[in-house]
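Just below sit the structures, each encoded as C-alpha cells.
Next, two complexes with chain A in common: one pairs it with chain B, the other with chain C.
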Partner chain A sequence: MDIFVSELKRQMRAKRFILYILIAIILGGLWAWFIIGGRTEGFMMTGCYKELKGMEAIETAAKDRNIYAGEMTVDNFQRSCEVFLDSIKEKDGESDIIMNDELLKLAVYADTLIMQDYRLKKMFGDDNLDSWFPRDFGSHFYENEELYYQKLIDINTKNQAEKELALKMWNEVEKPYTYYGGFEVWRDGVEHIQIFGFVLLIMVGFFSSGIIAKDKECGLDEIISTTSGGRRKLLFAKLFIPIIMGLLIYTVGMGTYIGILKHFLPANALKTSIQVCGGATILPYSLGDLIGKMILFGTIGVITIAAFTTFVSSKANKASTAMSIAVLMIISGFLLCLKGVSDNSSIMKTISCILPGSVSFAGLWFGMVQIVSIFGKAMLFFKFHLFISILIFFISLMMTSWNYVRR
Partner chain B sequence: MLLLEMKRQLCTKYVLYSILGILIITIGLNLIIVSDKKDIGSSLQEEAVYEGDIKEENLLLALRKVRDEKSEDRRYSSQVFIINSLVNNYPGFLYTENKIEDYPDEYATEFYQCWRNKFEFLIENKLPTKEQQTALNKLNEVKTPFIRYPGYYLYYTALDNIQVIFIMILFLVTFFASGTYSESFEDGSMEIIMTTKNYKKNMIIRITPVIFYGILLTLIATLGTVGMVNSVVGFKALKSSFKMISLFSFGNFSIGQGIMIMVLAEIVGIFALSTLMGCISLKTKKTTIAIGIGVSLSVFYMIGSSFVSIPVIKYLLNAIPMASSDILSSMAGFSISFGLWEPCAIIFEVLITFILFFIVLTVLLQKEIKYNYKD
Partner chain C sequence: MELRIDKVTKQFKDLKAVNNVDLNFTQGIWGLLGPNGAGKTTLMRMMVGNLKPSKGEIYFDGHTISSLGDKYLDRIGYLPQHFGYDKNQSVEDFLHYIGCLKGIDKVTRHKRIVDLLEQFNLSDVKHKKIDKLSGGMKRRVGICQAMLNNPDILIVDEPTAGLDIEERRRFRQYLATISKEKIVILSTHIVSDVEFIANYLILMESGEIIETGESNTLINSIDGMVFESVVKDEEMNILEQKYRIVNFHNEGDGNVRIRYIANSPLKNSKLVKPNLNDFYLSKVKGVK
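On to the complex of A and B.
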C-alpha cells in the first residue's frame, strides 16, 4: 500500500493535479452557463418571449406552461387542438398563428400534436399537408401514438425476437405522458452531457498516456526493474491511478455541470417522459432516468479509456505516441457513432462499439428503435455497447498487467 | 539536405501505420457505399437516357409519368427525385407539398424559376439584411441548366466520408507536427544539430516533411474515395453539377471541382496547422504539451462551430486550421462571410493564419538561433 500512495503522490503533483481539476471545473461551469444563459423560448416562430433570454425566458415560459403540467390527458390535448386551430388566421393564402394566453399555456400540447401530425404524415405519406390536422385530432392522441410506434417498430426490427423486445419496451412506457415546464432546457442539458463527456474523456486520455511511457522516457523504468519489488509491486498503482484520476476528473467536471443545472432549473421537469422531448423513442424513461444513464455511460467510458490508454502507454515508448493513439481512438469513436446514427449503417455502429471510450456516446442509441440480435437473442443496442465496453476494460487491464510485469 | 530531413522524419513506423490506417478507413467507409449497390448497373443505364443538361421538358415528362401513371421506371423516378429536392431541401419554405401527387406541373415546366424563387425566399428569410445583396448577386451568377450524370447520388455519402477522413488527417498532422522541434530537444539531438554547419537551414526546413505527409494522406483519402466510387458509377458522375448534392448553393462548379475545393482547403489547412504546431512545438519544447494544445484547439473548433452562431466568434473559429476540413457544409449552404462566399472566406482566413504563424515561426527561429550562438 505504501508504494501505491507514494506513486499516487508522484503522479498527482500539486500543480498538475490542480490544473486538471481546475480545467474540468471551469469547463463544467462554462458549459452550464452556455446552456442556461443562451436559452431562448418560443413557439412555432411566433416570436412570443422574444425579448427574454436565459433564466428569465425559462422561468416565464415554465410559469405559463405549468398551468396544464403533469399528466398529459386527452382532454387537454383536445383543448389545445381547438385553441391552436382557432388561433390560425388565413391571410392571402398563408396561415399565421396569432398567439393568445390560452395557447401559451397549452404550447407543449400543441407542439406535441404538431409533431405527431408531421410524423404520421411522413410515415404514411397519404395526407394533405396544406391543411392542419382535423378538429378532433387531439382526442385521438394516444391512439395515434400507438399507431405510429407500432409501425415504427415494424420498420426497424429484423426478426420476431427484436420485435417482441421493442413492443415490451413500448408497452412499459407510461401513458399518459407527463411533463413539467422547463423540460426543454433540461433536454438540451442532458444531450450535452455526452459532448462535455467527450472533452473530459480527452483530458483523461492526456493524463493516462504518460503513466508508464514517461518512466521509460526518463529511464526510471530501468531503475524500477532493479528494485527488490520490481515492477510487480508497482503494477497495482499503475493500473488504478489513471482510473482514480479519470473518475475524479469526470466527477468534478460533470458534478459542477449537473450541480449548476440542478440549482437553477426546475427539479420537477425531470419527471417529463422522454417521448415528449422531441425524438421518437420506445424507451420507458423519464428525463431524470436519462441523466442517470448518461452519467453511467460517461463513467464507464472514462474508466475504459483510462485502462486502454494505460495499456497503450505500457506498449509505447513515448508518452506522445500513447497520447496520439488515445486521442485518435476517442475522436474516431465520436465521429463513427455520429455517422453510424446519421447513415443508419449497422456496420459502422458495430465498429464504433468496439472503439474504447465510445460508450460515452451511447446516449445516441436512445432514439428510434435501436435493437441488435446476438445469436438470435434480441438486446437493446446501448446495453450491448455497455457490455462490449466493460469487456474492453477488463481486457485492457489484463493486457497491461501482462505487458508491464513481463518486460 | 531536404531529402535527408524528409527521410529522417518520414521513414518511420508512425508514418507507415498512419498511411495504412487512412487507407483502411477510406476503403472501409467507401466499401459500405459500394457494396450496397451491386445491382446498380441496370438502373444506371436507365438513368443514362436523360443524362447531361437537366431540361424542363424532360422533367415534365417524368413528373407526368410518375405522378399520373404511377410509373416506377428508374429513368423517370430519378428525374422526379430532382424536383423532390426542390421541395424537400429546407422543408417548410415556400413549397410545402408532402407527396408527389400534389406537385403542380409548374415545378417541372418552370423548374429553374421555381428554384430561383425559393432560393431568393431563403436568402431573405435566413440571412442577415446586410448580406442579402451579396447573396443575391451570387445567385445571379449561377448558370442554368444544371448537369446531371447517372450515379451522382453516391457522392452524397462519399463527400461525407471524405470530410470525416479529412478531420482524422488533420488530427494525425497535429500529432506528427507536434514533435517537429520538441522531439529533438527532448532526446538531446538538438545539441548535436546545433553544432553542425547547416543548423540554420535545418531548422527552417523542418516543417516541410510534415506538410508533405499531410498532403500525401489527403491525396490517398481523396483518390481512394473517388476511385472506389468511380469503379461503380464511372467518371462521368464527377461532371454533374454540385447543385445535385445541394440544390441551394452558390457557384457553377461540378462535383469533381467541389472535391478539388475540399482538397485545396484541406491542403491550406495542413500548411497552417504545421506552422502553428511548429511554433507551439518550438516554444514549449515538449511534445505532449504541444499535442495537448493542438488537440484542444481542434476540439474547441469542432464543438464551438456546431453550437455557436454569433458572427464574431464564427469569424474567430473559422481561422482555426480545423475549419478547413469542415468546408463541405459551408459549400452546401449559402452563407456569406466578409462579403465573400463562405468557403472562400474560410480558405482565406486559414491562409492568413498560415502566413501569420509562418512569420511568427521565422521570428522565433531567429531568436532561438541567436540565443544559441550567444552561448
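On to the complex of A and C.
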C-alpha cells in the first residue's frame, strides 16, 4: 500500500493532476455549450423559429411539440398526416409548406411520417420519391413500421439465429413510440458523447503512455529494478494508476458534459423512443437508455485504452512512442467503426472491434440491424464488441504484468 | 563477505561486451578502470541483476545472485552511469520513493534520509526539485539513494562524469568515508578518480580483464620503467612510434618535456616514480 501511495503521489502530482482534470472539465463545458448554445430549430426548411437560437429555440419548439407529446398514437399520426398535406401549396410544379400552429405542434409526427415514407420507398424500390404520401398514411403508421422492419431484418440477417434475435429485439420495442419535446437536442448530445469520448480517450492515452516508458527514458527504471521491491511491487500501481486516472478524466469530463445537458434540457425527453430519433433501429431503448449504454461503452473504452497503453509503455523505451501508438489505435478504431457502419462491411467492423478503446464508439452499432453470429449463436454486435474489449483489457493487464516484472 | 564473478560472458548479438570475466571482490574500494566501451557498465549491470550473463554466474557469499533474489538486492546499492530521477520530485520525495521500493519502513526511512541528507550536505535543498540542483548535488542525491538501505555492496558507475574538479574531489571524499566494511565498486575512465582512494584496481578493455590486484602492487610493477626527458619538437613523431609517451609539456624554444615508459631509456632521461596514470596507459592498448 505504501508503494502504491508513493507511486500515486508521483504520477498524480498536483500540477499535472489539476491540468488533466481542468482540461476535461473545460472541454465538457465547451462541448455542452456547443450543443445547446448553437442549437436552432425548424421543420422542413419552413423557417419557423428562425429568429431563435440556443435555449430559447429549444424551449419554444419543445413547448409547441409537447402539446401532443407522450405516446405517439395512430390518431395523432393520422391527424398530423392530414394537417401536413393540407399545409402543402403547389405552385409552378413546386410544393411549398405553409406553416401553421397545428403543424408546429404535430411537427414530430409529420417528420416521422415523412421519414417513414422515404424509407419505405427506398426499401421497396419506389422511384417516385418526390410524391407525398396518401391521406390515410398516418393511420397505417405502425403497420408500415412492421412492414419496413420485417424487410430490414430479412435483408440484414445472414441466418435463422440472427433473424430470431433481430425479431426478438424488434418485438420488445414499445409501441406506440414515445416522445417528449427537446429530444432532438438530446439526440445530438448523445451522438456527441462518442466524439467527446474520442478526445477524452486521447487524453487518457497521453497520461498512460508515460507510466512506465518515462521511467525508462529518464533512467529511473534502472534504479527501480535494482531495489528489492522493484518492479514486482510497483506492478499493481503501474497497472491501476492509469485506469484510475482514466476513469477520473472520463467521469469528470463526461460528467460535466452530461451534467450541463441535464441541467438545461428537459429531462422527460430522455423517455423518447430511439426509433423516433432519426435512424432506423431494432433496439428497444429510449434516449435515456442509450446515454447509459454510451457511457458504459466509454468507460470500458477508457479502461481498455489505459491498460493497453500501459502495456505499450512497458514495451517502448520512449513515452512518445507509446503515445503515438495509443493515438494511432484510437484514431484507427474511430475511423474503422465509422467506415464499418457506412459500408456495412463485416471485415471493417471486426477489425475495429479488436482495436483497443474502439468500444467507445460502439454506439455506432445501434443503428439498423447489427448482429453477428459466432459458432451459430447470434449476438448483438455491440455486445460482441464489449466482450472483445473486456478481453483486450485483461490480456493487456496480463501482458504488462509479464513484461514489466520479468528481468 | 565476498562477491565472485565466475567466468561471466555477456553477448549482444555479434558483440561480446564482457568476455569470460573472473573476479573476486572483498571488502574495500575497487576501481574498475577502462576506456569507454570496455564493458564496465555491462559488467556492473550484471552485478546488480539488471542484465543476465550469457554464460557464467555471479555469487554472493557462495550463492548465485539470481537464487538470492530480493535478499541480494537488499544488500546492494547502485548508482547507474546515467542517474535517473523524476524531474518533478523533490530530493526528499525522491528518497522516500526509493526507500519505499527498497522496503524500508516509514520510521527507519525517515531517520535514514535525515542522516544521509546531513552527511551529504543536502539538508538545505531537500525540498528542491532534483532537476534544479547542480550536477554535483544530483550525484550526491544519487549516492544517497544507493545508500538508503545501508548496503554491503555499493556499485557506482562513472559517478564523476560531468563534474568539475572540486565536485569530483568531494565525491571521492564521500566515497572514502562511506566505504568502511563495504565492498565499493567504482567504475570510471578517469584515472584520478580512483588513484588515491581505491584499494584494488581492475583494468578492463574490450570486455576482458587485463590486470587486477592491489593498487600499490600494480603501480609498483612498472617501477624503473617510467622516465622523463626533454626532446626536440621534431623528434616527437619518431618517439611516439617507439615509446609509450604518457605525458608531454611544451617547454618553448622547440623543446618538449616528455614522460614515457620504456625498458631502455633515452639519453639524459630521469627515472621517475610511477603513478596510476602511467600504469593505466602502459597497459591499455586502445590508448596509445
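Rule of thumb we're sticking to: the second predicted complex is superposed on the first by the 402 of 407 C-alpha atoms of A that agree within 3 Å, B and C clash if a C-alpha of one lies under 4 Å from a C-alpha of the other, contacts with A are read in each partner's own complex, and residues count from 1 in each chain.
We adopt the following convention: contacts are C-beta pairs under 8 Å (C-beta built on N, C-alpha and C of every residue); 3 or more make two chains touch, one makes a residue touch a chain.
Note that the structure is predicted; figures quoted are calculated from it, not measured.
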| item | value |
| --- | --- |
| Three-chain arrangement built on chain A, chain B and chain C clash or fit | fit |
| First, second, both or neither for A:D2, with chain B first and chain C second | second |
| Which of chain B and chain C A:C337 touches, first, second, both or neither | neither |
| Chain B versus chain C as contact partner of A:A107, first or second or both or neither | neither |
| Touched partner set for A:D215, first chain B, second chain C, both or neither | second |
| Touched partner set for A:K318, first chain B, second chain C, both or neither | first |
| Partner chain(s) touched by A:I223 [first = chain B, second = chain C, both, neither] | second |
| Three-chain overlay, vertex chain A: chain B-chain C angle, C-alpha, nearest 10 degrees | 70 |
| Chain A residues touched - chain C or chain B, whichever exceeds | B |
| Which superposed partner A:R13 touches (first chain B, second chain C, both, neither) | second |
| Touched partner set for A:I291, first chain B, second chain C, both or neither | neither |
| Chain B and chain C, minimum CA distance [Å, superposed model] | 10 |
| Interfacial residue positions of chain C with respect to chain A in the complex | 45, 48-50, 52, 70, 73-74, 76, 78, 80, 82-89, 93, 96-98, 100-103, 106, 145, 149 |
| In the complex with chain C, residue positions of chain A that touch it | 2-3, 6-7, 9-10, 13, 15-16, 215, 218-230, 233-234, 407 |
| In the complex with chain A, residue positions of chain B that touch it | 14, 28-29, 32, 96-99, 102, 157, 160, 164, 167-168, 171-172, 175, 178-179, 183, 186, 287-288, 291-292, 295-296, 299, 303, 307 |
| Chain A residues within the chain B interface of the complex | 34, 121, 125-130, 195, 198-199, 202, 206, 209-210, 217, 318-321, 323-324, 327-328, 331-332, 335, 339, 343, 345, 347-348, 351 |
